[in-house]
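Two complexes come next, and they have one chain in common, chain A, joined by chain B in the first and chain C in the second.
Let's turn to the complex of A and B:
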């Protein structure tokens, strides 16, 4: 299992970040480096890329708040 | 509409009705031509440039100035709502086709009289913080407004549609809204900071059309008509104040 982590250092700690959308469904096969989700922070969209190839396990729902460094899913 | 005036940043008098957008564009990015286009193509050009920056080695910031035809521009999140297709059909009947952008926020207006400014940045590893990135764009806009004699700052404007922390404000009213889209490929990043600057036109209609569209989507937000200002409005107010001051002075002299 490889954790999918929200990026760190890109926005201020006081900003609220949410999962804007998952671009794949739970259980889909993804390739390392593929853009799998969008994080929305203060009217800004950031891409979240797959850290490894494998099966995506989504751990945070769309529109849910997330913190920098948080695990939002895994790839098996 | 104001007649020909001379203005702080411009030694030559000009007509506020026809020349203001070009004047402010020249202050923001001297020598950069304004692109004029229609609909999704001119919006999507920002994403195309981001892809080119991700594939290239150019790290120099670049700026794009552009004006769209009359339309509503919303986000991918809004476009996923089940009411979206029907709402778009209705908005098109009103004369406001709907397009989708990659950056965040909510629905905004594009039309002649609104100048879009896209600032591109790229590099390796981490970029500056989000606040600093926004500041790199808003700083340019604040300086340009300053050359017109308009004092501006950045911050939220409660009551305006698509509000955020990094609006450009004049006396607490929004004169430009901002958003950002960042893409990564490995260690390389490219991002575009976008601003929509209200130069002239009917701001009440802008607000009304956004509200009507959002209600079709089940979004019931209440906006304040007084939350925004165009540059044209600010200059007209200032001219009136200048004229009033001059009359008072003339009276004292006599």
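Let's turn to the complex of A and C:
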């Protein structure tokens, strides 16, 4: 089980970050390094990549606010 | 636990377009890209992400805000053997460059007796729904589809976007490559899930001029394109719960229009509903319905219907805009009426 963490240090702490979209569905098989979600900060987007290969378990819904370093899902 | 499913590579339309352009640039030195904010920024809709770093400023050029200049230049480049891919950021801006598009690009091959072709791709964003008002939200499918000499396409998903872009760049004549903002995969616009699909890394073509049956059914034919395809699929799912089997056709190509696929479907279902988000009058729906009604061999079980954008400029206020935009709910209501019309 590997946690999927929101990137740190890429935007100001005062900016609001949200999950823009998950490119895969819950339960999909993903490969390490694949872009699995997009984090929106203001009008910029940051790609969230899979930290490991395996089955994706989505923990944070699209449109939900997230913080740098937060666990938003897992790969098993 | 069941055996793991094959690993897919899911990407949105914007990435699929950029990947196709990059692959073609890597193999064909005559391909270049021009437009506003397409180099350093990678396109405001992400269509050229990463290309500047890979191919440099000679082949990936940010232009001044003059569509008249750079789209005119693209026509000239195409006449002299290059294959320019240019971006008209919003289709709404076509006014200032339309002479280059429909009087020069579209007619180059005809006027030269086939001696000078025009292998250019004009990619352009269409569609609203995010409160960008009347000059940044139009679709204008019919405006471009009406003019001979150009091919006009619009993908509903990333798989088709890549294959269509490769087909468009290799086409010896001008191709207008429309892409719908609601499907791009740009978070700030919201993205329809179904448009993010598994995209092979290989080279493949989605042929221009062929529609696709994206869901099979025998009771009703729903025809759409771009974002409307997903509304059609949503409505078809809801109809299935009522025992109505709807077939959904993704036009993919506005010009040429694949009338055969539409007619073959209506021959089976006898009922036709067209949905698109361009203006209603003289639009996609009118053309599709006429193509069916002209066919003497087709027997209809109910009068065909169309849903489109009313003949008014797009309102700015989200409440007003969403009130007039076509959606799956309106489609479902109309579909039920058609089914009740049954003789």
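Simple rule for what comes next: the second predicted complex is superposed on the first by the 76 of 76 C-alpha atoms of A that agree within 3 Å, B and C clash if a C-alpha of one lies under 4 Å from a C-alpha of the other, contacts with A are read in each partner's own complex, and residues count from 1 in each chain.
Note that contacts are C-beta pairs under 8 Å (C-beta built on N, C-alpha and C of every residue); 3 or more make two chains touch, one makes a residue touch a chain.
In this text, all values refer to a predicted model and were calculated from it rather than measured experimentally.
In the superposed model, A:33 lies in contact with chain B only, and not with chain C.
When the shared chain is aligned, chain C comes close enough to touch A:55, but chain B does not. In the superposed model, A:12 makes contact with chain B only, not with chain C. By the touch criterion defined above, A:24 lies against chain C but remains apart from chain B after alignment on the C-alpha atoms of chain A. Touch criterion met: A:43 reaches chain B and chain C at once.
Touch criterion not met for A:64: it reaches neither chain B nor chain C.
The interface of chain A with chain B overlaps its interface with chain C at residues 20-21, 35, 38, 40, 43, 45. Contact residues on chain A toward chain C in their complex (touch as defined above): 18, 20-21, 23-24, 28-31, 34-35, 38-40, 43, 45, 53, 55. On chain B, the positions that touch chain A within their shared complex are 76-77, 80, 102-105, 126-127, 129-131, 162, 164-166, 178-186.
Residues 4-12, 185-188, 191, 193, 196 of chain C are the ones touching chain A in the complex.
Residues 9-12, 15, 20-21, 33, 35, 38, 40-47, 49 of chain A are the ones that touch chain B when the two sit in their complex.
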